Amino acid sequence: MSKIKVGIVGASGYTGEELVRLLARHPRVELTHASSRSLARTPLVKAMPQYREIIPADLVFTGADPAELAKENVDIWFLALPHGVAATFARAFVEADRRVIDLSADFRLTSTALYKEYYGEEHPAPDLLAAAPYVLPELMANDDWKKARLIACPGCYPTSIQVPLIPLLRAGLIKPAPGSIVINSYSGVSGAGKKVDAMYLFCEREGSIKGYGMPRHRHLSEIEENLSLAAGSPVVVQFNPHLAPMKRGIATTITVPAKGVAIDQVYAAWQKAYAGKPFIGILPTGQYPDTAHIAWTNRVDISAVADPRTGNLVLTSVIDNLIKGAGGQGVQIMNLLCGFTETEGLV
Amino acid sequence: MSKIKVGIVGASGYTGEELVRLLARHPRVELTHASSRSLARTPLVKAMPQYREIIPADLVFTGADPAELAKENVDIWFLALPHGVAATFARAFVEADRRVIDLSADFRLTSTALYKEYYGEEHPAPDLLAAAPYVLPELMANDDWKKARLIACPGCYPTSIQVPLIPLLRAGLIKPAPGSIVINSYSGVSGAGKKVDAMYLFCEREGSIKGYGMPRHRHLSEIEENLSLAAGSPVVVQFNPHLAPMKRGIATTITVPAKGVAIDQVYAAWQKAYAGKPFIGILPTGQYPDTAHIAWTNRVDISAVADPRTGNLVLTSVIDNLIKGAGGQGVQIMNLLCGFTETEGLV
Amino acid sequence: MSKIKVGIVGASGYTGEELVRLLARHPRVELTHASSRSLARTPLVKAMPQYREIIPADLVFTGADPAELAKENVDIWFLALPHGVAATFARAFVEADRRVIDLSADFRLTSTALYKEYYGEEHPAPDLLAAAPYVLPELMANDDWKKARLIACPGCYPTSIQVPLIPLLRAGLIKPAPGSIVINSYSGVSGAGKKVDAMYLFCEREGSIKGYGMPRHRHLSEIEENLSLAAGSPVVVQFNPHLAPMKRGIATTITVPAKGVAIDQVYAAWQKAYAGKPFIGILPTGQYPDTAHIAWTNRVDISAVADPRTGNLVLTSVIDNLIKGAGGQGVQIMNLLCGFTETEGLV
Amino acid sequence: MSKIKVGIVGASGYTGEELVRLLARHPRVELTHASSRSLARTPLVKAMPQYREIIPADLVFTGADPAELAKENVDIWFLALPHGVAATFARAFVEADRRVIDLSADFRLTSTALYKEYYGEEHPAPDLLAAAPYVLPELMANDDWKKARLIACPGCYPTSIQVPLIPLLRAGLIKPAPGSIVINSYSGVSGAGKKVDAMYLFCEREGSIKGYGMPRHRHLSEIEENLSLAAGSPVVVQFNPHLAPMKRGIATTITVPAKGVAIDQVYAAWQKAYAGKPFIGILPTGQYPDTAHIAWTNRVDISAVADPRTGNLVLTSVIDNLIKGAGGQGVQIMNLLCGFTETEGLV
């Protein structure tokens, strides 16, 4: 069984580390390149002692020059980079005829205007956008996306939100008025990346839950664009993100007005959308997804409860923000792209 | 300065322990009695080594016979008991002309029908209800409640919810349609009490956020009854409680439709309602309350943000569930009742 | 590639759960049986939702009758049971000509007198003892043990202690006077098993480090017996176990008088003993093993520092108590026994 | 009751914050000054929202110029500064006839040679040393130290170590050979100060225990100098410090050869040394101090067990590193110095 060659740009953050772990253990790939501006020429095992015996002993962080890396013999590049920076690498790799799975926000939106509004800068590569599908694998209508060179991997919050909501929107079960969908998400601290800032010190986050970035967190643009596409008309939501005192995991709770919708219709829509999808766990009504139950997995667990008093549905979902919310979803995309088993290297 | 004599019934749970800590250190009271069915005749210091030097060395858990306790020379009794049980003690103490601050749910509702609906039993003492005011001190219209023998202390979730919402309802700023107020609350594990159940083991709760008890958690009855009284018309809300991996604290995030309401009006209503209230912290819009900042205090921190895109307000609040959500609020009530400084023994 | 059939007796505790996870994912085995007295007839996926997609959907907890289970078509049984109970199953399985990997203490000691002294009961199966080797795989002198039907898997603390110490004793580098080796170990809370006891509640363990079971924790018998065998003369140690506020992991720090021993000699002895051993990580002097770096792995990381001022060596080691300290070590033994790759299913 | 005026230099770190909290609530003092180079001119309440209602609203961080501060009308200055820097302020304040309680290491050692050896620099103020007593209040032979202008407050690890050991050394109960006392200490993360370094991020410390700084942590000098003074001859110990996944607390476990010493003699020595000392908790043998039981207090809990097999004593102690290990001890010293009740403001 021959292996494909993969590389990671930006391998020293938490998302990069998770990709190293997943790709180094993946039976169908060879991790041949990992870049880090700050750690160039350092052996990976030194920076990630926790993955020592799975990382190839001779793997050393390369520098991060797009033109240089584009010359390397790599089949698929994963980009674990800040927005803006990612596009530069994406362009170089696409021009060199490599495939790219981008975990940044650069190609998640179809609208460059929205990008500018939420990220405060002109879109760095508008010409590449049209050919860069946004791939949340369980929600793709067909396989056309597999022809693309450049693929945008969804964000962590948006993954936890789209999985429960989109089948209901597509089925026309819910037709929410603007602002009537209320989404509360609670993220483990690794969601902020390996940012060396007083705010993320152990002593500041232990015992702490707090909101942030309301009412216009950047992920809102990605959430609303995709919900709107699913609904066939603009969807405007309230998105309330928070930090929670744990390392991994996102717990999302969504309240949706849905008068007259029976709980069975919700489950039927989910069962239909997710039949045969190995990573989607549909819990019975009255059982609640638990971040501890999906930590270290690529799963999304979802559940729903209907409240006849209010006419609302309450949907709950959990993911591991570093796996289904980042590196794991990237690997899942690669598996599908390459014709590997979807779960290969992911359980 | 003479001291009043106080006692606690049900002193061995987490709420009871917190009351022991607060009352034993309080400069104006003498903690003379503490009961525990399971620990009767054990010295308190043995069960609560962490409070060793503040607990009177000779204080021993008494048994829990209402008639016996009612004979004791105690000025104010605190009840830290399950609902149903609390009423029995309340009756005995009131009949013996003692004052009672009840931290259970027994006298929080005015409607016995609602009690039966949410607690599954007939109300244990309907005749005492009318004379038992529900006292969230910062929200009392006047001082009439101070004449009562029996006072109901609000629940933890309801406290975190009423403080930000009630001034807005009273001012008529918000007039929410049924089901349109969405409340997400995340509670530290001590909120479940000292329940010895596999669900509350360290290894089960570490790294875990999960919902529970939706859509009709028992506290919903208390929340809606009081919001309705403030609004002058029925208020129906969506209440989504969750467990979070911390010991103390509740973080509540409330989304309220409020088209046309300016953020300044919210702050003006709060400033007016809470002027001179020592335990209410009003954070500027864009700053978010943090459970770690109010742990071990009797504070409620609140903040608000307006979202012009949705026409919603997002209100956030935090409390320490064992203090402002239980024992501390009880002590605050006692301070006001006895004419002590409101903050005495609480900072 | 045909698969062997494996079963677990006592599959509902933390060790049992870990075995379920490891064996269900293992490419060379089929997990066909899992017993639990309390959960008999419950589907495993219901009790362990976190392992839902790796557990065979039709696997249901069996009861725990030794004679019944012995009739089942199982190649290797893993026992995750309390001491005393395990021996009964071991006997039934051995008599039915099955192989048994016992994770309890029943066959760890060679001396029945020691067993009685530390476990307070007569040894439950003295006749089986001689044929039941104690297998810490990295420390076995040869492969004779692979012929045994019944194998004793070392305890968690003893594993973290023997790996750093035994090569030094065998090489004669250290010849400690009685009581001069001081061992401090700090265990994650899962080390206590899934015991539903107030002591292990989240609110009791969060923020808590405390000693327990000194000076004669049960594992001391196993530690001293094996150190003595390695030294060729009785070794008496001070063993100080503690609980620490984390879910997984043991951190052990050992101080050994070793006047005249150079740090290079320590590392040479370790390098020689552990050459080619995939699970042993030898960190350079001055780098310290970290429980977070080996969580979820079968690794032991060790390091040493020499103190010329005192003439002591300080050895540090870390393991995941549920993996290298229990289930993972059992699987490693199985891998070796069956001629699989040693690391199969373990990274 | 008139109040004394106190100030803090270096008020923005964790020790500084703790001093702010303790002094702002202290009934006998007025906190009039708090300096912070990085936060000069910022209101304290902004930097420490968690202490909002106890901090005087108009208190603003001053700059940190020794000469300027020395002119201020302050009775006692607390120094929460790095070593080397503290001495400069100490000198300025002493020359201006102020009293100084220094929480840094600058005046903890009597030997300037030892200071240079452990801190890598010449002692910054050797002329002040002789007049600067080292004050662990419970261990002072008499009250002479109260005449000093400048007082050195012990370090966190040393406090947890000296309290259990010194009475035994003074009583001559133990006469340890060099290197035979083995001390393992586990510190909460706040022990590192508010250092913004990747090592102290939540995601790095959660689930992590690891050693560091062996075999010559800087506190070793302070520990050995004081144990030697107590023993009347040089004491050389093995000191193994570690980080543990909690915010506050140090758990120390000490193994001491003590052949022939009965456990009763240990307790008798402790009872004698600590009779009437409000902050020392002596737990019966077989009960173990717990960091969670002393968090947020100025207590030291100690216990001992004798092991007849080894002839060793095992002593365990716990403190809150930010209180008895830093700010609380400073306040206790101030209370004694000023003739206040020893526990004032500390429980």
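Side notes on the structure shown:
Read from first to last, the chains carry the letters A, B, C and D; within each, the first residue is number 1.
In this text, a contact is a pair of C-beta atoms (placed from the backbone, for glycine too) under 8 Å apart; a residue touches a chain by one contact, two chains touch by 3 or more.
All values derive from a computational prediction rather than experimental measurement.
Taking the definition of touch as given, a chain qualifies here only if it contacts chain B and chain C alike; those chains are A, D.
With angles rounded to a multiple of 5, the C-alpha fit of chain A against chain D returns 180 degrees of rotation.
By number of C-beta pairs in contact, C-D leads over the other of C-D and A-C. The chain with its Cα centre farthest from the Cα centre of chain B is C.
Inter-chain centre distance (chain A to chain D, centres taken as mean C-alpha positions): 47 Å. Averaged C-alpha coordinates give centres for chain C and chain D that are 39 Å from one another. Rounded to whole angstrom units, the spacing between the C-alpha centres of chain A and chain C is 37. Contacts with at least two other chains are made by residues 204-207, 245-247, 290, 292-293 of chain B.
Residues of chain A touching chain B in their complex: 178-180, 182, 184, 186, 188, 204-212, 214-216, 236-238, 240, 242, 244-249, 251, 253, 255, 257, 288-293, 295, 305-307, 309-312, 314, 316, 318. Taken together, the chain B residues at the contact with chain D in this complex read 25, 49-50, 52-54, 278-279, 281, 283, 290, 292-294, 296-297, 299, 301, 343, 347.
The residues of chain C lying in touch with chain B in their complex are 14, 189-190, 194, 196-198, 200-207, 245-247.
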